[in-house]
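Chain IDs A, B, C and D follow the sequence of writing; residue 1 opens each chain.
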Amino acid sequence: MSSILLVAGILVCAVQAIRATRLLVAALWLAGTSGLLAILLYMLGAHEVAVVELSVGAGLVTVLFVFAIGIAGEEAMDAHGLLPTPLATGLAILPLLLLGWLILPVNSTGYLAGFTAGTADFSNVLWQQRGLDVLVQIVLIFAGVVAVLGLLAEVPAGAREDKVSPAEGVRVPSNKDLLSGTTILFAPEIRNQQAEIPGDHIAEPEQAVEEAHR
Amino acid sequence: MPSIDLTTILTLLTVGFLWIGAVAVLWAGDGRRQMQNLLAAGFAVAAGLAALGLLPLATGQAVVRIAMGSFFGDFTFVPDGLGVFLAAVATVVGSLAVIFSIDYMHEEAQLGRYYALVLFFIGAMAGLVLAGNLLLLFLFWEMVAFCSYALISFHNDDPKAVAGGIKALVITQLGGLGLLAGVLTAYATLGNYQVEYFLANAHTVPPAALAVIAFGFLIAAAAKSAQVPFHTWLPDAMEAPTPVSALIHAATMVNAGVYLLARFYPAFADVPGWRTAVMTVGVLSALLAAGLALMATDLKRVLAYSTISQLGYMVYAVGVGAIFASQFHLLSHAVFKALLFLGAGAVIHLVGTRDMQQMGGLGRQMPFVRNVFVIGALALAGIPILNGFWSKELILEAGFAGGPFAAYVIMLAVAGLTALYTFRTVWLVFFGPPGADSPSRERNPAAGDAPPAMRVALGTLVLGTFVTWLLAGPFGNLLEIGIKGPAFGHVSSTLRVVEEVLAAPTTLIALIVVSLGLAVWYWRAKLPANATASGAAGFRAWFARDGGFEGLNHAIAGLIQGSSEALRTTQTGQLNWNIVGIAGGLAIVLAILALGA
Amino acid sequence: MNLAPLNVALVGVLGLLGIGMYGLLMTRNLIKTVIVLQILVKAAVLALVMAGSAAGQIHLGQSLALTVIVADTIVAVVGLALAIQVRRRCGTLDVQALATLRR
Amino acid sequence: MNELTPLAAFWLIAIPLISTPLIYLAGRLQVSLAAGTGMGGGRKLVTANGQVVVATTSATPRTPAPDVARWLGLMALAATWAPFIGATRDLIANGPAKFGLESIALRFDGLSLLLALLALGLGTLVMLFSGQGVSGAAGTEKYYTLLVAMVGLMIGLACAGDIFNLWIWFEGMAVASYLLVGFHHEEPAALEASVKYLVQSAAGSVLVLLSIALILAQTGTLNLEEIRNTAHTTPGLLAAGALLMMGFGVKGALVPLHTWLPDAHAQAPSGISAMLSGVVVMAGIIAILRSLAALAGVTPSWGSLLIGFGVLNIAFGNLMALRQTQVKRLLAYSTLSHIGYILLGVGIGVAYGQPAGTQGGLFHMLTHGVMKGLAFLAAGAFLYGLQPLFESDRGKLTQRSDAAHASPLLISDLAGAAQRYPLVAFTLSLALLGLGGLPPLAGFMSKWQIFVAGFATQNPVVGGLVIFAALNSVLSLAYYMPLVNMLYRQAPSKLVEHGRAIPLTMLLPLGLLAVTIVAIGIWPGLVYWLIEPAGRVLLASFGG
């Protein structure tokens, strides 16, 4: 019963995250999803992952989002998407129905066919049995860090700067204008740049962009 | 066995000389034109000599065998009579075209690319006819198509040339699908690619599969030999430099289709409906193209249509089972059509236009070219003594004896039409009153006759026009080598051919029809004006649309382009729409699995 | 083992998947797209734990889920970095502005 | 790693992965040193007080400072060839090698060998090629680092014998490639491509995870072989198969999921386009095949589905390519159609138990990798030669209205390129002709083998599909040929006349790939040691 409530809560949070028009609100709803999910995971017996989900999913990721939103700025979002809503709804629901038809309900014939609970404890499974996964994951993290460093690094000035964006006709702010928190965190070569954490930008997104121009 | 060894060497050299020459010409670089001329002509002539040397050595045995691994079989070359003969035609006529090019192309840029492609082209054709493996045959078939494309669009700054090249490539490749299907079916049913094995075991192939192979090959041959309904590429291929046109029409490309039909005739003759289909294709092509030739005003287009028409004769001959007559006409046609094209090339080179209405009265200015062109035209029209006469008579005779009467009558009428358009062409170019704005005199008041290298090529071909028919006997014997089965017609001596032709009543009828064609042209002014006008109008209207085939081409091309353009809207570039693909794809696959399993 | 919680969890997985799909289809803001991707990842995490539980190898399921959380956090970080760059270069986070490559 | 035999295979994966941090650190070190001495070339400089100063010398040719990261990367990949040869020998002598950590199985078999060869071969050449192509851009050391990492991860992916492990290799490869695709992130178009690539890949990867969960729940194992032994027809496993196909299919660019591909291929640096098209997409297909093979017992329709997607890809890719005006976009769409040929061949092999089919499909994977790699690299060489002109003089030289925007290489820009760049033009035309399936080039041989397989089924429907595929091959000439033609135009475009010379390190990979295309085309038996075991393994894994 409690699990039903939890799942309902998770889904509500997720829906709210999608419906939210402000990014920060969406990120917070996501954190809510994560928190509830952590409880559900705990109930399913996944104690360790529940903790990780709580700390990484609800904690770190939310921080990252807040940070990113701070840098990029809130943006007034168009309420209606590019797709007709009925089409999107249909496309989201159709595979769902088919999947549900195929895999629900879990019953004892298709599943649980005589499995015995593993005896190894969690750290044994993670670090030894699935050790290769962890190794590859380290490479993945390394690649991800390098990628983020690369993406946030400055690029040489050239003819491409300050040009008009083809799509919007918005004058693109140049690099120097937009130096900000994340850049300082992730790009070591400009670490000693004076930081200006744009905390107040969150409240006034348009103003943040204006400032960036100046 | 030294003779076998020599055969092997010559077989390899026939193709090898040309391909080595192609590389050598490229290697020489466009900076050294004289060197390129020399290399190209040298290697082409060497290959021609090798092929001629191969003629007495023809054998039905595979002389080269290279194992290619599973699914590809052994690549073999079999220099049997038919193959050696066509290789000789390709290389000898080809080398004359190369020699002709020395003068014709002397002002062109990118000579290296030109010669390399020409040599590669001739080499691929020689390989095609000598190949003893179906896959190897297909390989060469495709190479020929590619080279023809590259040469047709040699003047690639000209959009018409590019379009003509791509049209030729796509249409012949579409036909090539028939060959592909045929070869694959043959391999799937017999497990072997060897031509010899296929011919020997065709009767064991299930009838349905054999029909696929037979009609597949027919489609391929029709596309390659520019037969109805695939003929539309050939006139557009006239954008090529004239020596290349001569190559395509006389030496290489279009002969491949007729070769294919002749080669596999023994296997397919008994497939129900196949011979009828072959005859129909031949008759329709001959008739339609003759009519088109009568309407055309572009000198090279007239020649192109006449090629389609003459190939129609050859295909028709295969259909009635007269392989010898078909191949004999191929030989005659190769010689006189090369002559006509190179002659036309000399004219165009001089005048700077291909429009016959702007020519006229050129005969006095270039007597040598006039004389050789007229000889070629007479051969085309089928005037006695010249080689075209003998071979065409043989075909008509065989058609009378072995084919339906209606087809024979049409082919007879086409013979008259051929005479008619031939004389019209000769008249317009060399004798008629100069065109209203004839540029010939103003532009080239001192323009002489053909330069020396051109004369060498033209002279050789004129000689050929007079003498090749004398080789009928040896030729008949040659064709027998390595070929099993009675289909090839037992011609053993020239004398018998002569007797047969002269004795047959069809010859007389044909001659009468030909002279009728001549007469129509001669007295064209005296015919009742109304009759010509009204008759010509309907005629013209139908032929102007090329019997609708050109429109069909456009419709198909338009459809493909249109659907391409329509499909491009699916790539919206919007991330959300991209996700639609994922969600939709998932739904569809799930549905298929859920419902289907 | 009682199957009911697993069934409920599975419904949760499907629900999250559907919501995530709908979000990807409708969201025009890049950062929000990354948020939606995180919702999808939640579905995957829940599914893996559920599977481990169903197979009687909850620790295996946990181990996989943990790996997924970490890996997809990295993906989210890269995605956010991209979004920030997009904001710099194009002045907007709207997907519509990122539709110059098409056809 | 108890046995001695898989040692080579182990190092084959380990060397590139271990060397990546070294490459990165060395590259950073060089950048820092250069910044200290003011020798940063076109790069950004950081002065003592932290002010970012951007060197304005980027327009002038850079002094060719030896790029440490690049040479280290090249050395790492070169060193990887030694275990590759060793592993190949082991494979030929002893058959597939099994190794791994604890419960995670790795397996070096014919299929792994094929993908490893593609990744390593193309990776090495791209590394060699990339020297000047990416110079001037910021963070070249990251480029080289991620390139080497990507190669290592792909080799690992090729060996994975555990479905979750397969996923993590796959995800690692994807993460490594995001930056590479958006490497020129000063251009909005490159960012756009990277964003689409990331979002679609991530969505696909979630589908794979759901499928893994379903499989684990129903079979209790993640090991591919054990799954194969326990899997039987249940609706849940059907759903798992569909999710797998769609999840990996995003990276494998099956047609409705392909939309990231043209953008990413067109906007990535050319070397990366070559890697994407030649290897990354193929890794996606290998992942589909590996994982679906584990579910072979669930339903017989996997083969038919593969054939279906194959035909869809062929037709769609060709039609889309027909009207393209940009060189790299055209090549990208042609990749779609070639994926179709691969799927068709493999599908025929799987559905009808035709060894010719799987071998032909994998053969085409190899030849396509070589040909498309060459085509993209040649396009990259042209871009290198002409790029400076896009930015400065293009407006003047070509009167193009879009001169100011990000600069795609248009087909018309290459008019007459053969006169200025004969070798590059020649190799590009070889690649295009090979892609178009003209003999005697590699592409013809592999397509032929697929067609042979189709006809060998003696099934009229499959025969018809093969003819349809061949028809599309003819159709494809209608877009390859104009490009070839353009290269040999007699009147060169103004851009070409003013292009700069192409360095030898770029020409060398082009030449090598071109020779390979011709060699395989003339003698396909040359690669049979590679293709035959791979096809056998694949067919056997589907129970054929």
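Assume a residue touches a chain if its C-beta (ideal position, glycine included) is under 8 Å from a C-beta of that chain, and two chains touch if they have at least 3 such contacts.
All values reported here derive from a predicted model rather than from experimental measurement.
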> Which chain wins if you rank chains by how close their C-alpha centre is to the centre of all protein C-alpha atoms?
Replying inline: D
>> When contacts are scored as defined above, which chain pair ends up with more C-beta pairs, A-C or B-C?
In response: A-C
> What whole-Å value do you get for the distance between subunit A and subunit C if each is reduced to the mean of its CA atoms?
Replying inline: 7
> What whole-number Å value describes the gap between the mean CA coordinates of subunit B and subunit C?
Replying inline: 63
> Taking each chain's centre as the mean of its CA atoms, how far is subunit B from subunit D in angstrom?
Replying inline: 42
> How many angstrom lie between the CA centroids of subunit C and subunit D, rounded to a whole number?
Replying inline: 26
> Which residues of subunit A are in contact with two or more other chains?
Replying inline: 81-83, 87-88, 91-92, 95, 98-99, 101-103, 106, 111, 115, 129-130, 133, 137, 140, 144, 147, 151, 165-167, 172, 175
>> I need the residues of subunit B touching at least two other chains; which ones are they?
In response: 568, 571, 573-577, 579-580, 583-584, 586, 590, 593-594
> Can you list the residues of subunit C that touch 2 or more other chains?
Replying inline: 17, 20-21, 24-28, 33, 50, 52, 54-57, 60-61, 64, 67, 71, 74-75, 78, 82-83, 85, 89-90, 95-96, 98-101, 103
> Contact residues on subunit D for subunit A in the complex?
Replying inline: 17, 20-21, 24, 28, 31-32, 35, 42-44, 46, 50, 52, 54-56, 58-59, 100-104, 106, 136-139, 142-143, 145-146, 149-150, 152-153, 156, 162, 164-165, 168-169, 171-172, 175-176, 178-179, 182-183, 185-188, 214, 217-218, 220, 234-236, 238-239, 243, 391-392, 404-406
>> Can you tell me which positions in subunit D touch subunit B when the two form their complex?
In response: 192, 195-196, 199-200, 203-204, 207, 233, 235, 238-239, 241-243, 245-246, 249-250, 254-260, 262-263, 299, 301, 305, 316, 319-320, 322-323, 356, 359-360, 433, 438-440, 444-445, 448-449, 451-452, 454-456, 458, 463, 466-467, 470-471, 474-475, 477-478, 481-482, 485-486, 488-491, 523-525, 528, 532
>> List the residues on subunit D that touch subunit C in their complex, please.
In response: 164, 168, 171-172, 174-175, 178-179, 182, 185-189, 191-196, 198-199, 202-203, 205-206, 209-210, 212-217, 219-220, 222, 262-263, 266-267, 323
> Which bits of subunit C are touching subunit A when the two form their complex?
Replying inline: 1, 3-12, 14-23, 25-29, 31-32, 34-36, 38-39, 42, 45-46, 49-50, 52-67, 69-71, 73-78, 80-85, 87-100
> Given the complex with subunit C, which residues does subunit B contribute to the contact?
Replying inline: 568-569, 571-576, 579-580, 583
